[in-house]
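We call the chains A, B and C, going by the order they appear; numbering starts again at 1 in every chain.
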Amino acid sequence: MSIKGQAIWGFGAVAALAAVPLFLTQPYYLHTVIMILFYAFLASSWNIVGGFAGQLSLGHSAYAAIGGYTSTLLFIHTGLTPWVGMLVGGLIAAIIAVLVGMPTFRLRGAYYALATVAFAEGFRVILESTKHVGKWDTGGAEGLMVPLKGNMPSLMQFMGKAPYYYVILGMLVLVVLVSWYIDRSKLGYYLTALREDEEAAQALGSNTAIAKLQAAAISAFFTALGGTFYAQLVRFLEPPAIAGADLSSQMVLLAIVGGRGTVLGPVLGGVLLTTLGELTRAKLGGSLLGIHLILYGIGVMVAILYKPQGLIDPLMAGVRKLARVVNRSRAAAETGR
Amino acid sequence: MVILEAKNLVKRFGGLIATNDVSLSVEQGSITGVIGPNGAGKTTLFALISGFHTLSSGEIWFEGKRIDGLKPYDLCKRGVARTFQVVKPFASKSVLYNVTVGAFARTNRTAEAERSALEVLKLTGLYEKRDALAKSLTIVDRKRLEVAKALATGPKLLLLDEVLAGLTPREVGEAVELVRTIREQGVTILMIEHVMQAVMALCENVHVIHHGVKIAEGTPMEVTRNETVIKAYLGEKYAAAAGSQ
Amino acid sequence: MGLTNAVVNGILMGSVYALIALGLTLIFGIMKVVNFAHGALLMIAMYAAYFTWLLTKANPYLALVVVAPLMFAIGYLLQRYLIRPVFKAEADTREPISALLLTAGLMVTLENAALLVFGGDYLTAKTSMTGVTYHLGSVSVSAARLYAFLITFAAGGVFHLFLKHTETGRAMRAVGQDRSASSLMGINVYKIYDIAFGAGVALLGVAGVVLIPFYYAQPSVGQIFGTRAFITVVLGGLGSVPGALVGGLLIGVVESVAAQFMEATWTQVLINYGFLVFLFIKPSGLFGSPYDS
């Protein structure tokens, strides 16, 4: 599809998504779609390093935690608006991702995945065990609350859910655009190359270590932004939720089912599975804890068994076929006239 | 003018000496061959020159500057490109994509890299197949692709590692033409080869490696008459026969 | 508590870590599959042990008779029907990443299914033995930990003999060394994989049984043991049996001794980050070969 075609579809999709709050006005439903977009955002952010660069980071929630805690602590103790705190958190997360990546990217796939798990688990425990950083209270295991300021858009707090929806929609669009741009840029080509054959990529001039670090930094940056958003939405940060294995797993599972390493795959996976998860939770009630995760787990296993490349490619192939059929019948109708 | 100079290269893997005091030089614009029986250490030599293995000792000079110790991607930027004996295509991507990766060595812009890649594809006869997936190519085309990728990086020195292996005589002929065309573009070529037909047809100078040691150097004619060389390939009997010529 | 005491207790616990790691390193050594569901399977084993004890009201260690074969069967079936198809699909790649992802998905499924079915309660097998401690000089060990050590040690020994002296054991080692060669020698490679996976998980069964008298079963208990097992395996060298043993004991001792100087939660940080440092220095582990990594 040409760039123009893609742009048209893109605008259409975003416009459709933007119209959702006009129809779904109940807070419960709005919250649900916000979470759907949120997880799609996280999956897309993970995908930049986990899909494009092919590095299986299984402890990515650490970066979300860095984002959330940074912006919240800065807000509580210096009054800095989370809009800026978000960027600070993103920057810190990017730097840490590079520091973590430098020694770990040398390791083979499984070792790397393991290192990310060890790092993230350790980080979560640090968050749980630390009550103060200097003079700042960080909450420890009890968690950190974001002070309620009412309707203050400049401080990223809103009355009602709709504004949050637009914020996360904007973030999702941004991360998808960035992914799309990377995919067709030199970095994207180098990342794909090193995924397929790292030695060959190096022989062709790619400093693969640097490429991976760039991907890691960008991915961590966006994941951290997500962490801040979460903090502002839920107004409560606790280590097991924001820095835990569940969140890490979710990001990965959603991206894989949708299509690791593609631009839209993680969005698809995020939207599809989270919707399913939320529907199941709604139907079967809150007494069934963790049912959505069971679904994701099974979803990933099924995906790996039958469609390891994810659902996006078959889906796009189906859409293209549909488009051809439509075009052909339209052409036939015209000649028939 | 000498474009590549390798001085006293030694490479040890634990107790094994893969490369034992090998020195060679390559004239700019030439097609130079490296031949030798299997397991002689030719590919190790290439790996040393292209930065995939580190030297145990020795020096490598390229265009008057020392390059030993540099990483493969830095060497590529300087103009040293290589192909791999076991071809390494980016299997699930198209031929054009594969070559474009190489072209990015000279530019940062995708459009420019693609244009460059298309030119290289035309040169190597893969233009028609530019949208085919690399994994769907025949072995001949995969070899072409391997060369095309390296060529797209705009090298001054191209290391070809047994690109002719497994080709039919007609395909060998086509490949020989391609190598000549590449040289005409101003690229110096250093090639490891077993297919003697090509070595005789193409190489101006040949180095012979055996057990990690250089045992002879000269024109293809000189080298194939050399007693030590024949002994290395075929054993004592034939050496004696050649000696009596 | 005393340093000697800490070391002794560290060794006792380390033996359990070693047995868990043994299963993992076996699976990796033979199949090159990183079983991310290893911890979750231990969790299942603990629940199995708990319920066997609860229902039979017999000595919890007797549950071994039920749990070990049960876990073997679970492992065997998982490998046969879930992992093998994925494995075959990427038979030529050097690292089966898809199998890794599959086991990661399995882990998430198992943990949350357990949460659903068993709830979040912490369950342990309280018996007449609970609280019994033996003293020797400055060292005091709880009966349960002592038995855990003895049983895991015995299990490890039996397994070692199995690997060394039985036909199947030799076949497993052969497959671990060279899949194609073993296949050419007439070994049914995929059947060996099934058995190996079953054996690895059976070892988890033993570990689960010895843990339940003094540890709590809960849905996420597998997470910490799983990560420990991985750290142990990498420490000892992926695929190395003596490595798993030494690694396990080492981790146990480090954990126990560190707890003398810092809060328990920080020992986890120490181990995790210490492991990261180790990983950068010697990724092939204490007993591994640098050509494996």
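Here are some notes:
Going forward, a residue touches a chain if its C-beta (ideal position, glycine included) is under 8 Å from a C-beta of that chain, and two chains touch if they have at least 3 such contacts.
In this text, all values refer to a predicted model and were calculated from it rather than measured experimentally.
Shared contact partners of subunit A and subunit C, listed by label: none present.
With centres taken as mean CA coordinates, the chain nearest to the overall protein centre is A. Of all chain pairs, the one linked by the most C-beta contacts is A-C. Inter-chain centre distance (subunit A to subunit C, centres taken as mean C-alpha positions): 32 Å.
Centre to centre, using the average C-alpha position, subunit A and subunit B are separated by 44 Å.
Here the spacing of subunit B and subunit C, counted between their Cα centres, is 49 Å.
By the touch criterion stated above, subunit A contacts subunit C in their complex at residues 56, 58, 103-104, 106-111, 113-115, 117-119, 121-122, 125-126, 128-129, 245-246, 249, 252-253, 256, 288-291, 293-294, 296-301, 304-305, 308.
Taken in their complex, subunit A has these residues touching subunit B: 184-186, 189-190, 192-193, 196-197, 199-208. Residue ranges on subunit B touching subunit A, taken from their complex, read 50, 52, 71-74, 76-77, 81-82, 84, 88-93, 97, 100-102, 104-105, 108-110, 113, 149-150, 152-153. Residue ranges on subunit C touching subunit A, taken from their complex, read 34, 36, 82, 85-86, 89, 95, 97-98, 100-102, 104-113, 115-116, 120, 223, 227, 230-231, 234, 263, 265-266, 268-269, 272-273, 275-276, 279-280, 283, 293.
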